[in-house]
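In the two assemblies presented below, chain A is common to both, partnered first by chain B and then by chain C.
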Partner chain A sequence: MVKVTIDGIEVSVEPGTTILNAARQIGGDAVPPAMCYYSKLPGTGGKCRTCLVEVAAGSAADPRPLPKLVASCSTPVQDGMVVNNKTSERVHNNRGGVVEFLLANHPLDCPICDQAGECHLQDLGYEHGSAKTRYEEDRRTFDPIDIGNKIKLHMNRCILCYRCVFVANQLTDKRVHGVLHRGEHAEISTYIQEAVENDFSGNMIDVCPVGALTDRTFRFKSRVWFLKPMEAERSCTKCCGKAVVWMFGNEIYRVTARKDKYGEVEAIDQKTAWLCNDCRFEKKDASEWNILGPRVINRQSVIAQGKYATTIDKPVKRIG
Partner chain B sequence: MNNRKLLLEHLEVPGIEGIDVYVKHGGYNTLEKALKKMSPEEVVEEVKKSGLRGRGGAGFPTGMKWSFLAKPEGIPRYLVCNADESEPGTFKDRFLMEKIPHLLVEAMVLSSYALGANTSYIYIRGEYMYLLEILEKAIQEAYAKGFLGKNIMGSGFDHDLVVTPGGGAYICGEETALLESLEGKRGNPRIKPPFPAVKGLWGCPTVVNNVETIAAVVSIVRDGGEAYAAIGIGKSTGTKLISACGNLVRPGVYEIELGMTVEEFIYGDDYCRGIANGKKLKACVPGGSSVPILPHYLVTKTAAGEDRLMTYESLADGGFKTGSMLGSGGFIVFDEDQCIVRNTWNFTRFYAHESCGQCSPCREGTGWMEKVLHRLETGKGQLHDIDLLADINKKIEGNTICPLGDAAAWPVAAAIHHFREEFEWHVTHPEEAQTRNYGLIQQPVVA
Partner chain C sequence: MESLTNRKKVVSDKPMTFVEKLYIPAILKGMMVTFKHILKRRKTVKYPEETREFAPIYRGMHVLKRDEQGRENCTACGLCAVACPAEAITMTSAERTKDQAHLYREEKYAVTYEINMLRCIFCGLCEEACPKEAVFLTDRLVPTQFERGEFIYGKDKLVEPADSRIDITKRQFTGKRTHV
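After this line comes the complex of A and B, so read on.
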């Protein structure tokens, strides 16, 4: 085990653990935000740069600070490493810069975006963004495209985290989409508008941190915070069948995987509970699910505010 | 100063691109010497002694890079030559490969022997297709003469050399993007660690070196590392190819001994012979487009008033405040008629076009800077845009996966630092700026 100190809190972790995962073992404010890293998809991370942290001491053997901020999701810890996340002004400034870059070409169409309320970029903007943009140029724009009859791609909203590419690489039998072009013109797309048809392709909607990939069976049906998330299961031959169904009255509006507080699909019995497309898109009748009870949304996000918050920090002031 | 030529020694010999003439002038003798009389460790030792530093831009000591190479049993190792020379202003490798291709072939076999690599690759820039033919011909000649293939010159060392063209992306000059591209994937830089010395091409330990770096190994092994180290000053040893371009009387590729003064290089009769058309020097980018620009009063003298030398240290003297970098040796000279704002915009446009788009600061930042600079250049900018540019810069620098972000940020930061008045003049005199150049006004005059 190696010891690492993050924001003044010491933790012992397995050698080879990344700074971000060490911070997640501490939890709370010590955890840097991550837009592209996804612990269930090996190889992700390093791209969005929101998880940059300051390394004040490289290791016990060589306690010099690292000159640059490092991506905590892809930098392994060393014994005696001292990391500053929330406590570093430099991290705060540069993370604000990264958020500004991510928002530079983002359309800010939250009022009509299905992801609003559970969007990681909203959360990040809320915490690190500035109230006013300095970006006066025209934003790059793309037309929304259908990739298959179940998934809609709004490239304007994409932050190029590459998570969906990793889903296609690791969960489906063949990848038909990827990143075309480069630089500011880079876009997620299928080659010549091919449909993404695969039993597990719907998971790319769950991993998308923004509203770039949305569920065509749910689009514009409801704001997510009007729906009641319920834990449900059904026996499925393709996947684990453990899901969250989002209900309004007795009607199921959408089906998603069960996600943890970092927005990642949960592991159930040590296996990531990815959903197959049948469960996600076709089973919208409540009789097809065994509904277990309300789902706890354990995430600092708009969706968790008020209605779904399960822990009350302060006693509510009684009116009257 | 007598100027020894190590790389371009036989440049003027007719037919040196063919193997017969090359062998007649001592070609492949060094390879034979190494294979028959030296162990691989001894070759590495000579390179370490020579003090050779990477000629691609970063200037990392080559011997040290070679000694980092992991050597696990039963796993092949690779040497990859980075011939993806795409930095604006740099064209030295092209010259070397075009004129004396066998020097690179010999050096590749020699270096591979030192590193224990049985296969090596030359990754050549997509736009250099005609060089591909030249190199392939040289490689075939070398195979026919037994300098490549099985059991080279009876030494028991087998080696295959493959030359592969890229698709013409600047980013593929970054070593890990190059390896991705060589593997047939999209040329995105990899997240480090692991470094190529541990996990490189196809997951095997790999050394990636610039063309000129590898080519220098031949003269180092021939004359010994100490003889090479005797040339130059301090930690800048040996000779360096400089590709000089811009408003010079005689632009071109020159092999210089490190330690020559910048003044002699620009104005000397054997070199660039001064600024063309009797104009005055306005600014200089001494190491390819990604290094900070120097205003004329800091080109030949450092801020402390000492002579500026063509060495890694002297060009970097003063840090990024009053210095620059030797970089890849792409020496770009601007006369008084050139517009710094336009030039900065042009460089930034290049980086915005070449950013791979993988990490957010570079993808969004380079494009943003390009748009702001274009507004400034076309007279549509505002004064706060200059501060905005400086701030975007700081948010990109050091926060990206690979050095392309830094390379895009540095020239803009330096241009604003040294030529702020000119940027402001573009804002305050938008119409005049379209027809007339800012020139040398308000710059301190140096005799």
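After this line comes the complex of A and C, so read on.
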């Protein structure tokens, strides 16, 4: 076990743990935000630069500070390392710059985006973004593409986190989409408008931190804050069948996987509860689900708006 | 109990004097008050013929604005409904088709947009929440009705007609919005 201090809080973790995961063991404000790292998908991380932290002391053996900020999602801890995240002015300024870069080509069409209300870029922009844009050039634009009859790709909104590519690589047997071109021209594509047809392809909607990949069966149906997230399960031969159904009255508007406070799909019985496309897109009848009860929502979230009943109804379980 | 202020008047019931019994001085005194008011400017208006000027930020019946090209500004983002403390606003949205591009400004639009004027408290939070400068409160009054259902205003009553625009320049946000 190695000891690491993050924002003045000491924690001992397994050797080889990344700074981000050590911070998540502390929780609260010590956790850097992450747009591309996804703990359930090995190999992700190191792309978005939102999780950069300041290392004030490299290790007990060599306590010199690291000259540059490091990506906490891909830097393993050293014994005696001292890390500053929330407490560092430098990290805060840098994160503002990163948000500005991520938003350089982002269309800011939150009023029409289905992800609004549960978008990580929205949260990040709210916390670190500036009120005004300095960007004067035209944003790069793409037409929305249907990839299959269930998923819509808005390349305008994409921040190139590569999470969906890792989902395709790790959950499906044949990946048909990826990132084309390089640098400024990079884009997510299936190249020849090929449909993404796989039982688990719908999970790329869940891992997408922005509204680039959205559910076509839920497209423009409602806003997430008007819906009531309920925990539900059904017996499914392909997946675990444990999901969150988003209801309006007695109607199911959409089905998503259960996500934890970092926006990642929860692990249930040591296994990540990915959903199959059958459960996600086809089962929209309330009689097909065994509805367990309301999902706990963070009180600060817009999704908790106007849901007075959640404090009275006993939620299924408490997150964090 | 001891009085808290000195504004209390003590009523006396002592018998009236001869001059007081004539009532003439009292009548003249009363008429003086009346005649003084003839010379004063009238404070009331003859309502249906004449109406009072509204304050520039008067909050009356809502309008859903169109842009310069006559397309509806509303994208059914739901922020007015979530901001509404009286839960008076409901809406359903849909995706714009290619041939509707001249009708709606963005790719999503409100199919139905209803404000229940009986619930509405005219607080103006909806217009403050609107990111698309679509909903505004105007100086028009909500007329009385005989049926409760007639107070649920749909898009037919709320969207401004393309040929007779409703002026809201007085209450429009003066600063330039930073986002597009």
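Just so we're on the same page, the second predicted complex is superposed on the first by the 298 of 320 C-alpha atoms of A that agree within 3 Å, B and C clash if a C-alpha of one lies under 4 Å from a C-alpha of the other, contacts with A are read in each partner's own complex, and residues count from 1 in each chain.
Heads up, the rule we're going with is that a contact is a pair of C-beta atoms (placed from the backbone, for glycine too) under 8 Å apart; a residue touches a chain by one contact, two chains touch by 3 or more.
Just so it is clear, the model here is predicted, and its values are computed rather than measured.
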item	value
Partner chain in contact with A:Ala131 - chain B first, chain C second, else both or neither	second
Touching partner for A:Ile9 - first (chain B), second (chain C), both, neither	neither
Which of chain B and chain C A:Ile159 touches, first, second, both or neither	first
First (chain B), second (chain C), both or neither touched by A:Ile291	neither
Which superposed partner A:Asn105 touches (first chain B, second chain C, both, neither)	first
Partner chain in contact with A:Leu66 - chain B first, chain C second, else both or neither	neither
Touching residues on chain A, where the partner in the complex is chain C	108-112, 116, 131-133, 144, 219-223, 225-226, 302, 305-306
Chain A - residues contacting chain B, complex	45-50, 52, 67-69, 71, 74-76, 94, 97-98, 100-102, 104-105, 134-135, 137, 140, 159-160, 162, 178-179, 181-186
Footprint of chain A on chain B - complex, ascending	169, 171, 186, 191, 193, 352-361, 363-368, 371-372, 388, 394-395, 398-401
Footprint of chain A on chain C - complex, ascending	75-79, 81-82, 87, 92-95, 106-108, 131-132, 178-180
